[in-house]
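Right after this note come the structures.
You will see two complexes here that share chain A, one where it goes with chain B and one where it goes with chain C.
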Partner chain A sequence: MDFLKKVNFKTLFPLLGLIGVVLFFQIITGGKVFQTKNIMAVINSSFFILIATVAFSFIMSVGNLDLSMGTVMAVSCTCAAVVAKISPFLALPVAILVGGIFGAFNGFVHADMKLGSLIATMTTQSIFSGILVLILDGGTLSAPKYMLSWNTMSLKITAMLIIVLIGIYLFNFTAYGKQCRAVGSCAEAARLCGVSVRRVKYMTFINMGFAMGALGFFSLIRTGTASATTGSDLMMNVWCAALLGGLPLSGGSAAKFRSVLIGSFTMAFLANGMTLMGLLSRDKQLIQGIVFLIAVAISFDRKHMVVIK
Partner chain B sequence: MEAENYLLCVDNMKKSFGITKALKGVQLQLKSGEILGLIGENGSGKSTLTSIIAGIQPADSGGILFHGEPYSIQNSVEANEKGICMILQEKATFDNLSVAHNVFIGNEKEFCKHGILNNKLIFEKAREVLKKIGVTEIDVKDKIKNRSFEDGKLVELARAANLNPQILIVDETTTALSQNGRDILYTMMENMKKEGKSVIFISHDIDEMMSKCDRLSILRDGDYIGTLEKEEYSPEKIKSLMVGRTITDNYYREDTKSSYGDEIVLKAENITTSNLKDVSFELHKGEILGFGGLADSGMHDIGKAAFGAIHIKKGKVVDGQNEQIYSPSVAMKKKIAYIGKNRDQESLFVNSPIRDNVALPSYKIIAKNTFVSPTKERKFVEEWTTKLDVKMQNIDQYVSELSGGNKQKVAIAKWLGFGADIFILDCPTRGIDIGVKASIYKLLTDLKNRGKSIILISEELPEVIGMCDRVVVLKNGQNSGIFVREDDLTENKLINYMV
Partner chain C sequence: MKKKLLAVIMTAAMVVGYLTGCGSTAASNGTKESTNASTTETNEDTTVSKTTGKSFKLAVGLPDSGSTMFSLMSNNITTMVGDMGGTVVFQGGVGASTDATIQFVEDQIAAGANGIIFSPPSDAVLTSVCAMCEEAGVYWGITFRTILDQEVIDYITASDYYIGNCYEDEEQAGYQVMADMNERGIKNVAIISQAKGNTTTDRREAGAQQACNELGMKIVAEARALTQASDATKAAESFLSAYSELDAIFVVGTTGAGMHEAVAKAIEDAGKSDSVKLATIDFPDTMPELFEKDCLVSSAGLISWGYDPYIITMILANQCKGTPISEEPVSIAFPMSSINDIDTANTWTERFGDATTLYYDEDFISSTLDKANNPDLTLESLIEIIKKYTSNI
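So, the complex of A and B:
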């Protein structure tokens, strides 16, 4: 059985996790999981996580993290709401542009000011929320009512497909995707192979910003408002999805794109299953925390560490 | 004399790092009340041997007798307790602590009462210890980072003196010291000798070794060669024992005349980096230009500077068209390739497949409108790994699973595939077995014959002499001599310019 020998259990673990979660809820809810209506609900709830994780996977393959994603999404959403008053058709391009600019600022703080990505995005997250509060002036902003009618399943599925396909292409079939993993594997060796480490880092954060901008727009047409709490639960979900899917915190060539899909749907089925079971949102928080702990504990590579800092 | 009459006796000690055999069954005998010199070329195993004695790393096999009894320790703290202390070549002080705290690092308990450190007492005692070894001008309250490297070494000496060891190991410290500092060290060594204690002294300076040491043990390529008594000393004899390896089969270039084109393809103009001072050189088409020197001569900066990979403070590196090379990507546009000394950190992604390693610099060649076709990528990688005969299962195998020689072949395949015209190779045969070594030398000759230019930086003199058209010898970051390939170019000739 050569095939079995080749399969590394650790790489299979995320997929088994997804199957386990689905089967668990399928049994416990008496088969409600696979009803068409529920599958639609799962796709709906995976929408934000999936798109964000696609972009986040590039940041993670470089070996970086992003704490500011939810705030970038909220700022983009707010800016979209502002311009929607002038013309609703400006909302999406403006949201994406704003996201890109904030992403570039993350890139600047990390790559040019040379701060670790965790500290860099922690500070920018704080700055961005400050800007958000200034624009909102303590309240919320609403989009024109009819924009809510844009929020259709077909648009969302199309957007998901397009972004996932772009993600797969960039990740596996372009120099950019491969360079991301090269930087994550060993930045010095990548530099000595002519890879512009700075440019790669910028690109990952700008692309993250673009994705957050798009999500800001979708958040606006879904809820009709932009507020300070927009996107506040996104980061935890995305980190969970990335780690449950098996993206390594250390980055490098162990990062695989399938982790994005597996992780995002695991999170979506998990959230959906808990709703089906009738759990309240405060219980979900607790369970999600535990899931996050398990995800990190599984994926964190402690073999090569002497001391945990 | 029987083993028990020696203070320290090392027998058949072996130590390997991966496939590199640093020690191949070395012996060493140290008497009480003597200064024993340990001498050998770079990579001969001096530091490995002494750091094992000092408990810094474990040996693979072999025994040590100390006071005639088996000596086994887990770490350097235990070694200190047993009375063995080592002054390292590298810096071993803590920047943000004061001189006094550095002297007593690890021994703060003596100055503690109810868990509170008596700083006044520590400063007082530190002054005493420093004065005892003859250092008076260092303020004990100063932070180490405000003191020079030499002062740091003197503080380490004071630390050792305070521990009052039976055996003091001094590894290559004198190059960092001024005459005054050296006198302090020599006095300390002499005093220990008078008290019946022993010193193991390592230095590249043969004159210094001859004047200070009672006996000299010689290591070469991880082998123990022999020990000379004082009356047997002569510089020629020591040098020939140090380098006098017999080359069984000649796998270097066969011609003995220098040959290269007139066209200059790369030029360094008075470059100064943190390790180099005002170095200039020219590389010609079809030339193999060698750089030799001691490990700390700055020669490793040459390769990085020529590839635009480190900051050049003064001067510049230009290509044949007089265009400046200031970053690796610019260097690559000029078709320059670089393979660093630290293979696993600089030239390879060990935790990635061979495929990714070989293709990385060449995506521009492989890709069509940003699309990197997996089939085309596979063919590219297979073509070049086959040309270099890399021993592997397939191109998706991880580089970490390959031997040192095959790893290096992957690194070379990467740049051959890229189509480089100038190869900068820093210690390309480091830790590589003879077979692969020979094939690398053959490849270098082929490249030269095809009009490619090569910069070969190496700590192994025979390699530089055997392969290069011209050899630049570096000493203390400066050019100390240029030699043209000829029949009677010998290691001894170059060594005089190195030390």
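So, the complex of A and C:
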């Protein structure tokens, strides 16, 4: 019993959740989960969520949120489609650059205009959507057909590994990662310790923009198009993954990078398992909603919230 | 801590219970399959011949519920595929974005689907889908959409796995509804449509624009890419307050349920039922009531919304069974009809207002639509069957 008392259930829950989800679907689908074809589908499904959640984990560890990620991805994807007509090799750098610029604008609105991240990114999301509609003129843009051949599993796995390794390094082994959590724990204390809170907040949004830019490019070579709906369902999936993995909404030192991996793969296996079971779309939504509610209810740090708004 | 642990265990039990319940749905589907199988065993002389050929699994990227027209479609497709010896799953939201379309195809390939049907949000996404399906050896086709990009047509029709598309004569429908409104003295119209680039609504709008040019009508405002009824209400309210000269709101195309009714309610709430009318493409569930209120002036649609995906799924089912109806990809255009009065609306509702109505009964499906049992079924004879059905509104 002493052992049980020492175990931090809140910390273990996300990992148990992932194991539980995988085992449940492995049993119920008669062993289909670990078939090669299905593992490829899970990697495909987790690719966008994982990369976005890596970047989002820095924003969350600061105690912020981002509502504009899907729109930044759509704008980056659109710009990539535009320059791809000139030279496809420009698509990736331009997408990342555009993402970074839009991320920096988010940082400016939040850190310099002193608007809460939720309100800041809600307003910028609207501005970015307007820019997107202007560029697209209400329609869609296509990528050159041969760019679709770039969408290979080896490229995706390589990109995932590189971004995850960079994320682990930045989060755990650099001053920047520690400063993010310090700001999330108490911004004033971090400032008094010499941390440039403004710079840290800027960097988290710029990094998020870079990641969204990269995903904009990957979306372009995956779907062959850029449209106003590109990335429209990304935000909810990323939020779910972060919370399922155990990233605290309140940020701070409780934020762990393992949450990114656990949450992203839990989301991917959950969605994949329900598809393997042949569930109807309404059932999937209901189950995802329930799982999301449980994750938030467990991970939400009520002790440090004076008032629940 | 104990309370938390208890809460977690209870919620986990609830989710597991729900999932298991869903599993039993799947199991009940399985039961349905095994019921078919047991029927086959017990009535060997009659049903064995009805489900000859190999079994197969199809995925249809359309919602299976939300309105009568969705349920009617899914019930008919489920019945038809079941009668032909296969199973089918439905998923909504697939045509909402290119990301969703690609994810659907990837997921269903991984889930072991032998054939996939969906309604694409744009032509460009078809190239990616074609490459994925070809690699996985999965047959696929599209519904409700024609393809305008010749480069895309050339690419996908060269694939052995693309079976074709069924679509409606959208341009004619757009023109017809505008002409019907013109006859009622309507000149200034606001439209609710999909994002530009959606080939279906682009063509419907082209027809509407042609009517404007020929009949002296004008499109004064537009709202696009609305996904739910509340968005339609807001759009209609904006039109009604901003355009005093407005005569009608034309719902050219939507993906959500209850959009037509939401617009009608907004007109009624604004007290403009006498001066502003409603027109639609795709028959609303509440069409007779809307005609009775003198709100709806014209509605164009296929005889039943689900008939188009039904036919392409039937072609796909035959392909998956190894008895293709055509060696080349098919491209079948369905004629649309317009309804302008309550009597016709009532007649239509009597026929299709019940989600359990079957387009074709089990015997017809087995004896005529299943090529394994009817080797004489060709594309030409299928088109004759379609013509016979769609001309009888």
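In the analysis below, the second predicted complex is superposed on the first by the 292 of 309 C-alpha atoms of A that agree within 3 Å, B and C clash if a C-alpha of one lies under 4 Å from a C-alpha of the other, contacts with A are read in each partner's own complex, and residues count from 1 in each chain.
Heads up, the rule we're going with is that contacts are C-beta pairs under 8 Å (C-beta built on N, C-alpha and C of every residue); 3 or more make two chains touch, one makes a residue touch a chain.
Since the structure is predicted, the reported quantities are computational estimates derived from the model, not experimental observations.
Peer 1: Putting chain B and chain C onto chain A via the overlay, clash or fit?
Peer 2: Aligned through their shared chain, the two binders fit side by side on chain A.
Peer 1: According to the stated criteria, A:L148 is in contact with first (chain B), second (chain C), both, or neither; which is it?
Peer 2: second
Peer 1: Identify which of chain B and chain C touches the larger number of residues of chain A.
Peer 2: Looking at chain A, the partner in contact with more of its residues is C.
Peer 1: In the overlay, answer first, second, both or neither for which of chain B and chain C A:K178 touches.
Peer 2: A:K178 sits against chain B, while chain C stays out of touch.
Peer 1: Which holds for A:S232: it touches chain B only (first), chain C only (second), both, or neither?
Peer 2: The second partner, chain C, only.
Peer 1: Roughly what angle, nearest 10 degrees, sits at the C-alpha centre of chain A between those of chain B and chain C?
Peer 2: After superposition on chain A, the angle is 130 degrees.
Peer 1: Check the residue A:R222 against both partner chains and state whether it touches chain B (first), chain C (second), both, or neither.
Peer 2: Second partner only, chain C.
Peer 1: Check the residue A:S117 against both partner chains and state whether it touches chain B (first), chain C (second), both, or neither.
Peer 2: Touch partners of A:S117: none, neither chain B nor chain C.
Peer 1: With both complexes overlaid on chain A, does A:A189 touch chain B (first), chain C (second), both or neither?
Peer 2: After superposition on chain A, A:A189 lies in contact with chain B alone.
Peer 1: For A:D137, using the defined touch cut-off, is the partner it touches chain B, chain C, both, or neither? Pick first, second, both or neither.
Peer 2: A:D137 contacts chain C only, not chain B.
Peer 1: Output check: A:S264 vs chain B and chain C. Expected answer is one of first, second, both, neither. What do you get?
Peer 2: In the superposition, A:S264 touches no partner, neither chain B nor chain C.
Peer 1: Chain B to chain C: minimum CA distance in the overlay, Å?
Peer 2: Least C-alpha distance after superposition: 19 Å.
Peer 1: I'd like to check the shared interface: which positions of chain A are touched by both chain B and chain C across the two complexes?
Peer 2: none
Peer 1: Taking the touch rule as given, give the residues of chain B at its contact with chain A in the complex, in rising order.
Peer 2: The contact residues of chain B facing chain A are 307, 309, 328-329, 331-332, 338, 340, 345-353, 356, 359-361, 363-364, 367, 370-374, 414.
Peer 1: Can you name the residues of chain A that touch chain C in the complex?
Peer 2: Residue positions touching the partner: 9, 13, 20, 24, 28, 32, 37-38, 40-42, 44-45, 48, 137-140, 142-143, 145, 148, 151, 219, 222-225, 227-234, 271-272, 275-283, 286-287, 290-291, 294, 297-298.
Peer 1: Show me the residue ranges of chain C that touch chain A in the complex, using the header's touch definition.
Peer 2: Touch residues, chain C against chain A: 1, 4-5, 7-8, 11-12, 14-16, 18-19, 22-23, 25-26, 29, 63-65, 87, 89-93, 96-103, 106-112, 121-125, 127-128, 131, 136, 149, 151, 155, 195-197, 224-225.
Peer 1: Quick one: which bits of chain A touch chain B in the complex? Just the residue numbers, please.
Peer 2: 172-176, 178-179, 181-182, 185-186, 188-196, 252-254
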